[in-house]
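Listed next: structures, encoded as structure tokens.
The same chain A turns up in both complexes below, where it pairs with chain B and then with chain C.
After this line comes the complex of A and B, so read on.
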């Protein structure tokens, strides 16, 4: 049993379960915000035992280059997801082009505007 | 302004940063976990960067040798670093406690220097403020976490603290120039810094459930600021200068 739910979902054959996993630190999902007001974007994970420590590690792992305004860390175990077999619920979505703004006539006007302005 | 006083202050700070940066970088690749290995290594790099910036002030403002020569081509007795920074890395408890004690002093020192009448140092102090803020956050986070772990962790942190504290008091070894630095508005002086440092760390140590060792000036380990070092500095310098001693003009 891993502390990372994504690993558990893989249903891997258990090797050496027990004492080793017990000493593992839990994982935290790291979100990186490059500018104030912009939405934080998922960057990856860190291993840590407290949220403070996770932030310390996230700073060096995901904010070592370029611009950063802030970081978020969220316990991986607190992230809820669908089971992988539920992926079927998304199956026909790509066919529903009527939900795409391009489906409507306005598309022609957008294209005309884009070509006129060379966008 | 008294140039000798400022130069002495710059050498003390630069040598501290260089030696602790080198020492802490010895954890690179063997840190307790990947994330911490990376964080500790990055902070070591920052320290080396601070040393370079300080040597550069000595070079540009006072005509001392260039930063590489100051770092790699001086004799052990010319180093003005305190003995705390040259001690071997030991176990991680000691390295963390040293990081905690040293970085709080460093943060407060740069904080005071932001108001220095010596402009290059005031400018540098403002520039490194953010980096050092992170170093202190990292130190506090680990200090608290390990001290409030199990009994073994707590006992190890306490004994590391008891061992390191007399050396840490050596950070504040007064120089011959204290009065000149204070009078010229360059720096508030080591005695004032030590006072601020104790005010700052004492509650953190208490909150972590550790016992603050008695502060006894007689037990402070002085000497480093005057060029008297422990048996550990010379081997460190020998290793650090291995390349330049073969080829002083080597570029890498």
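After this line comes the complex of A and C, so read on.
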């Protein structure tokens, strides 16, 4: 005798015939915003047939704990990315220090000017 | 929840013999040795992809099947607080299954195909779920010790090289820590309760001791290694190392409650290595090959869920939509 009520109550044979054909629900990329004013952050995916269903599953999967302000879902097929072989195009970006505020240091120059001109 | 997986001699041979483009392989291995993660769109050796799919898929199945023995106790939880915790835990386990199917899916095997392979018996799941939860005390032992063992395994695996698997595991480990705490609470409550409660817990502990030793797979002496899988950070620790870590962490927590373990040989050696009596590895093999107390029942329940509700999925299917592999 099984402890599982499903085993004891259900006529499994009745549903146990026929081959299951593999058919796929599409996937949705889920973005989770934990607080108003914060960026939504990619959390993972869900399988669903409609946006409403995707949101429902996203709520169950990614908003079970903690705070949630909102969830976004986007069809995986609608998201575009660079190929990973193209990663090199970002390689020199950290070298572009002229884009950083810390690159611009004027204090030494001011002090040199001040001492030269006895200010 | 999860159990460790091992390679057969033949599988290890195939993994070790596979030949790949040397330049790409070098770049791939260099990336891993720098501690960088591999992402779905990256080039990867065929055996890396294959072994990861197998491992993550088995892990996913273990979560789904692992929810079954506990799920049956939701209606019989001893009080409302325990029932709430158990419902939350079972929902988490199924959610973990979904997260893991998604991670495996990024490697190119669809979730439907994985579910079909579970039903046909082609894919395995952790052996520990082929044992019954006869009493409420079994739920305490599962929640505390099976989840404890799973956390040892999952924390180690979360340091692996495949990005989507690591991300899923980080979320999973966070939630599992709640499972462990509520399991420990339940365990301590019974251990410090009435004589009947203590006896019930001790009996459950005696039943689960061997399956827990089996949990991490055969001894390193009897299992196949693949240097490649270690180098590629697919497998990160040996079965014996993980088992030892588990015993180190949990045996004291059992003994401090005045409970015993059904193994006179069990002791911690001076070198920090635990010694234990033969946990009957033949039984492990028998159960893994389908001849355990609950193997048939577990698959039957899954088959029922899959087939009885097929019409719902078919009704939801939109034939105009094109399936693409998820990206992360």
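As a convention for this text, the second predicted complex is superposed on the first by the 83 of 119 C-alpha atoms of A that agree within 3 Å, B and C clash if a C-alpha of one lies under 4 Å from a C-alpha of the other, contacts with A are read in each partner's own complex, and residues count from 1 in each chain.
Assume contacts are C-beta pairs under 8 Å (C-beta built on N, C-alpha and C of every residue); 3 or more make two chains touch, one makes a residue touch a chain.
The model shown is predicted, which means the values in this text are computed figures rather than measured ones.
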Partner chain(s) touched by A:41 [first = chain B, second = chain C, both, neither] | neither
After superposition on the shared chain, which partner residues are touched by A:76: those of chain B (first), chain C (second), both, or neither?
-> second
So, A:84: does it touch chain B (first), chain C (second), both, or neither?
-> second
Would you sort A:25 into first (chain B), second (chain C), both or neither based on which partner it touches?
-> both
Of chain C and chain B, partner touching more chain A residues = C
Looking at the overlay, does A:53 come into contact with chain B only (first), chain C only (second), both, or neither?
-> both
Once the shared chain is lined up, is A:106 touching chain B (first), chain C (second), both, or neither of them?
-> neither
Would you please give the residues of chain A that touch chain B in one complex and also touch chain C in the other complex?
-> 25, 46-47, 49-50, 53, 60-61, 64
Seen from chain C, its contact residues with chain A in the complex are 39, 41-43, 68-69, 71-72, 75, 88, 91-92, 95, 98-99, 102, 105, 110-113, 116, 119, 132-134, 167-168, 171, 175, 297, 300-301, 303-304, 306-308, 310, 313-314, 316-318, 321-328
Using the touch definition up top, name the residues of chain A that touch chain C in the complex.
-> 2-7, 10, 12, 15-16, 18, 20, 22-27, 29, 42, 44-47, 49-50, 53, 60-61, 64-65, 76-77, 79, 81, 83-85
Footprint of chain B on chain A - complex, ascending | 25, 46-50, 52-53, 56-57, 59-61, 64
So, in the complex, the side of chain B touching chain A is made of residues 33-36, 38-39, 42, 134, 137-138, 141-142, 145
